[in-house]
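What follows is a group of structures, each given as structure tokens.
You will see two complexes here that share subunit A, one where it goes with subunit B and one where it goes with subunit C.
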Partner chain A sequence: MDVAPLVLSLLYQFGTGAAFFFLAALGLVVILGMMNIINLAHGELMMIGAYTATITYHAGVPFWLSVILSFFVAAAFGAVLELLIVRRFYGRELGALVVTWGVSLVLGQGALLFFGPFLPSIGIPGGSFSYGDFSFSAYWLILVLISLLLILALWWLYNRTPYGLQAKATMQNAEMAKSLGVRTPQIYTLTFSLGAGLAGLSGALLAPTVTIAPFMGQQFVAPAFITVVVGGAANVIAGAVASSAVLAAVKTPIGMAFGSFSGTVALLFAALIIIRIMPNGISAALQKYFNRRAGGAMR
Partner chain B sequence: MRTIVGLISGGADIGRTRVFWIGFGVVVLLFLLYPTQTSAFRVSNVSYYLLNIPLGLGMALLWGYCGVLSFGHVAYFGIAGYIYGVIAGNMSGNPFGPLAGVAGGLLASAFVAGIFGYFVFYARVQKWIIPILTLVLTLLLETFLGQTAGYQWRIGSVLLGGYNGMTGIPWFQLGGFVFEGYSFYYLCLLVVLACYFGLRMLVNSNFGQVIVAIREDELRTELFGYDIRARQWVVFVLSAMLAGLSGLLYVQWGNYITPSQVGLLQAALPVIWAAVGGTTSLLAVVISAFALNWVTYTLSAQGNQYAMVIIGSLLVVTMLFFPRGIVVMIAERLGRLTARRAAPSQLQP
Partner chain C sequence: MTKRKDTTLKPEAETKTQDSAAVAEAATSKGIPRRTFMTGTAATVTAATVLPNLRMARAAETGPIKIGHIEDLSGNLAVYGVQKYHAALLAVKEINEGKTLKGGPVGSGGVGFTSNFAASPPVMGAGDKDLKYVDKGGALSNSGMAFVEDEDVLVDSGESGLLGREVELIAPDGQSNNNIWQQLTRKLILEDKVDCLVAGFTSAEREAIRPIVDQYKQLFFYTNQYEGGVADSNTFCTGAIVEQQVIPVVDYMIQKFGPRVYTIAADYNFGQLTAAWTKAFAPLVGGEIIEEEFVPLSVSDFTTSIARIQAAKPDWVFTLLVGTNQSNYYPQAAAAGLEYPMASTVNMAQGYEHRRFKAPSLNRMYNCVNYIEEIPTARNRAFVKRWYEMFPDDPYIGQMAQNTYFSVHLYAKAARLAGTTDQETVKKALESGLSIEAPEGAVFLEPSTHHCSHYIRLATADANHNVSFVREWPSIQPWWLQRVGVNLVKHKEYKQYIPDEDPFFSMFSKS
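Coming up: the complex of A and B.
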């Protein structure tokens, strides 16, 4: 048997796995990293994105346009959520967790009552190609590319724009940022809205690969939250990228050998072991490591 | 005896006046007399509302008194229920099979909670990680139990049953006496009262004061020389066993259990009972668990699809406008009213 196609297939599995974790966790990490709020309605925001994409797609809008549209619908929804509810829970982590969980129950059940138990699905665009004995879906490769682009875009947003500067200032010291003229409430609304929009975008992007149903958000809950827990809150984007890679490296071989459920169980154990060694996640451990090296160089 | 009374009437729960205890006694008496006044069907429903209370009490202890939030306590509910089903089902005919099932179920929930708790508490993870990992655990358990359909998934003579669940789980029995119908109702009532008074003594004890101190300030408590990790771990395991107790009573009540009992919707319920009642009072959670079970059970029995929307909105409204809990707030209003009328000497020191 030829080795090249097998290696390529493993790489493909790993890449798509990492892209899935990254996309599932994307909106969540933006909100957690900037606002220290865990949004348990994350899965439902992804559901809103997927629903928007599905409904507009079946109304005749081109797929890519409907994906972009779902970003804005979810972002608008996130802004309303922040203004009405989340705003009152800054600094109360557990309260925010519980209230967003209530929101998620209402949204999930509301979607069931409003849209019925399922929507017609979107066919996977892009077709597939094969190499050796393995066939690959072009769409998943595009998703890997989009994940890389999103990482770049977020890096640009937080390092090269006035919003990014003000948001980082607010994150580091809200009081000081406020006294320097940053409108922190607006920054919070914008950030939550951005996180919600990204969740909607991920939901729309993943919509062709899953069943569109009111409780579809639930299937993203476990992977998204494990990614966030493993990544940690010290540097969320780097943490999410690193933990997506680690988790995909755990899940891909175990899932291939023992089936996808064992892969998911392995994820939970990997998360428990990783937080036992690095209680603040990979990103904090990385940061410590680099700080130590930088300190050593200075001496 | 004096220490027991002292512990029960300590300051860590609402309701310490003589009027309160008279009211409490009247309510217990009404519950004792209830079966003589109504149909077996209603008694069975009320048993269901009662049997969920230990789960709510476990949440109150863990979240309200110790400051640790778990979204996955239904996992221990489910583990105890399934293990009871397996053990008691395999020992059917043996008069002490159900008792062995109860012991096995409680031990199994304590064991899983112990391992899980070791990882999270001894790693000193941040506060928000525990609810998320407990939620993931219960979702995994649901997925696992859901795919156990078919004959290859059997333990001894008991089928796990996939999404259809495990059926034909035996009643609880002690020797030759089988608890079903009215006797099961009294069993539930007894368990609820025992759990309530036991926990009320616990939270008023030294141990209880230390766990409240941990909730208030972990670092300061640790600097006083207490091992906060061990105490959080003990509370976590204890509350998991309370959840397990509810799970045991649940399978003994309905004689079946399905994986949806450990699903996301069920996982939300104990958190909602605790939040709506007011997490800092055991009695408030008892009341709200009973009342909300009554509401959800009645709504879903009527086929009302809005049940989860109503319960979810109730949670959001409570968190927004009554962050200390609706029952606690009402109790404080009542307390203030009676205190105004009573002499100042009746006030607690």
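Coming up: the complex of A and C.
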């Protein structure tokens, strides 16, 4: 076998693997990473996005428009959820965990009752191309690109906009933010709604690659939590990016060499070791490292 | 249409009564004082004559006959569970409306179809002097009745309900969770005291509840297709097994596409054991498993598996993927331009992937099935019509749904034959060589192994996901358990055999 196609295939697998982790974690990055709500309904928010995209797509809406639409539908749903339920559980992590789990059960079973066990799938857009023995899906490459764009957009939102500043202030110290004139209840609603919208967006983006079923969201919950927890809360966006990359870098070569079972085992092991040696996640460790370097430069 | 009057199975105790009478006769003739003998046997005789009456009394108990039914109505496996639940509902409704499927204790085989045959019988020599030559008997021109094809196999049972009682389905949700399956099984047996349990999708679920079933000697129908090997006196496996599905399809695929096989299978007992069967059997028909990959049920991103398949360059891929997550393989492989022919025992006929995924994801998928909704026979069309009249919104009728449907009817047949719902008696009735005319064709419940012979068809999907049939086997026997010497009529057993226990397979492997 030629080496060049194999290397390209490994790079492609790494890229798609990292994009998969990042997209699975996208909404949770905001809701768990920033707001510290253990949102077990994360998968169902992704399901809402995927269902919106699928239903509108089959109603004749172009795919990319239906993806954007699912962001807004999931965000609106998130806002309602925050106002009605989640609001009452700030600062009560375990309460939030149980209530979001309940919400997830209601949503999954509700989707089963309303829409049946399956919706017809969306064909994966874009074709494939091959190089050497391997062939690649164009859509997955587009997903990698979109993931990079989303990273930039999130960074911009939280570092360059008034909302970002107020959100960060609210999450750090709500009382102080309030006394400085930030409308913290609105910020909470907006942030939760953004997280839900992002979950819906990634659900819609991943929809063509998966089965559209009521409990489809559950397949993303474990990878999402692993990605966010490994990434850590010190800088959620950088953390999620770094942990997606690290996890994909562990999973890809081992999966390729020994099969997907070994790949999954290696992934879980890597997560275990990282959390053991960096209890606050990769982002905290990175921040410490950069702080030390910055401190060293000043001296 | 002649109505069959189901004969009542003679209760065992009655035979005993006759036996003891015979012994009494023999004893008196040998000169033992009759009076002494009578006092000695009085107790036995009374017990023997009273017991069947007791049994009849219990059978005449009022209240409905309870069929317990556990399937996954939610979770990763709900797509299959809902179908099976609807199948049970349909069968119970039909029983209560006084219907049954044709069939009875008439043994293997069944009604068939019209066919073409030669104009005259083959003649040795055929007017020629060369006697080694056998004439074909002319062109295949005469069309006639080889067998009868039934318009429909649902006929009147002669009563509404079963044994004069209504049949009730108690069907809790297993939630795709093995622990919940165990709790529900205990509840159905101990609290609801079901007369019959119909349950089980994955082999993991079956193995989770089988010890409980055996503990309480519960009559249990497992209606899924599976890896085979369960020899259990309380369990009746009505789905197709490896020798009926894997062997025919592997044989066909090797002939048609070549010997190099890549197996990608779900990582639990079904996938592992079916892959082991394939590996053991492939050398017998000239094939070779070049690579086996087992995928955890939680995996839903198949990029790496697809690259591995491309690196291995097989002639065809054997996919044994289970559940919602794993069916993502098909669209992902199609999007990545993977175009190998595929074979399976589970996909298409049970998860209707060819209806759910955009064509051509399932192009050149081959599967030996005992049932698929597209079977083009009159009886199946009638069944499909009945189904959609009751469940107009259902997306598909899968293989397991049909199995559950005829299994519930089979239970009713056996109970009617036994004349009671007493579980031990019904189990004996089920071991009497029952055949039933299912929508797929004739199904024979083989008494010694508690498995069914099936009408097997090799179905394939084309680039537009249209299903056609390329081969048919009107009756394939479940022969492997017989080969390893299982006879549940004579010897009770409660285990699952695996291919490693049979030297037959290692004998042929090229290792």
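Following the convention adopted for this analysis, the second predicted complex is superposed on the first by the 298 of 299 C-alpha atoms of A that agree within 3 Å, B and C clash if a C-alpha of one lies under 4 Å from a C-alpha of the other, contacts with A are read in each partner's own complex, and residues count from 1 in each chain.
We take it that a contact is a pair of C-beta atoms (placed from the backbone, for glycine too) under 8 Å apart; a residue touches a chain by one contact, two chains touch by 3 or more.
Computed from a predicted structure; not experimentally measured.
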**Report entry** Partners on subunit A (subunit B, subunit C) - clash or fit
**Finding:** clash
Report task. In the overlay, work out which of subunit B or subunit C sits against more residues of subunit A. Result -> C
Query raised in the report: Of the two partner chains, subunit B (first) and subunit C (second), which one does A:P120 touch, if any: first, second, both, or neither?
Result: second
Query raised in the report: Counting only touches as set out at the top, which of subunit B and subunit C does A:G197 meet: first, second, both, neither?
Result: neither
Query raised in the report: Does subunit B (first) or subunit C (second) touch A:G231, or do both, or does neither?
Result: neither
Query raised in the report: Should A:G27 be classified as contacting the first partner (subunit B), the second (subunit C), both, or neither?
Result: neither
Report task. With the two complexes superposed on chain A, say which partner A:V210 touches: subunit B (first), subunit C (second), both, or neither. Result -> second
Report task. Quick one: classify A:G78 as touching subunit B (first), subunit C (second), both or neither. Result -> neither
Query - Touching partner for A:G239 - first (subunit B), second (subunit C), both, neither - result: neither
Query raised in the report: Which of the two partners, first being subunit B and second being subunit C, lies in contact with A:G49: first, second, both, or neither?
Result: neither
Query raised in the report: Who does A:M256 touch here: subunit B (first), subunit C (second), both, or neither?
Result: second
Report summary line: subunit A positions within both the subunit B interface and the subunit C interface are 108-109, 112, 215, 218, 222, 261, 264
Requested in this report: Note which residues of subunit B are touching subunit A in the complex, please.
Outcome: 63, 67, 69, 71, 116, 119-120, 122-129, 131-133, 135-137, 139-140, 143-144, 147, 264-265, 268, 271-272, 275, 305-306, 308-309, 311-316, 319-320, 323
Report summary line: In their shared complex, subunit A is touched by residues of subunit C numbered 73-76, 78-79, 82, 267, 293-296, 298-305, 307-308, 310-311, 313, 324-325, 327-328, 331-332, 334-338, 355-358, 393-395
**Report entry** Partner subunit C, residues of subunit A touching it in the complex
**Finding:** 1, 6, 9-10, 12-13, 16-17, 20, 108-109, 112, 116-118, 120-124, 126-130, 133-137, 139-140, 208-211, 213-216, 218-220, 222, 251-252, 255-256, 259-261, 263-264
**Report entry** Touching residues on subunit A, where the partner in the complex is subunit B
**Finding:** 38, 85, 88-89, 93-95, 97-99, 101-106, 108-110, 112-113, 215, 218, 221-222, 225-226, 228-229, 233, 261, 264-265, 268, 271-273, 275-276, 279-280
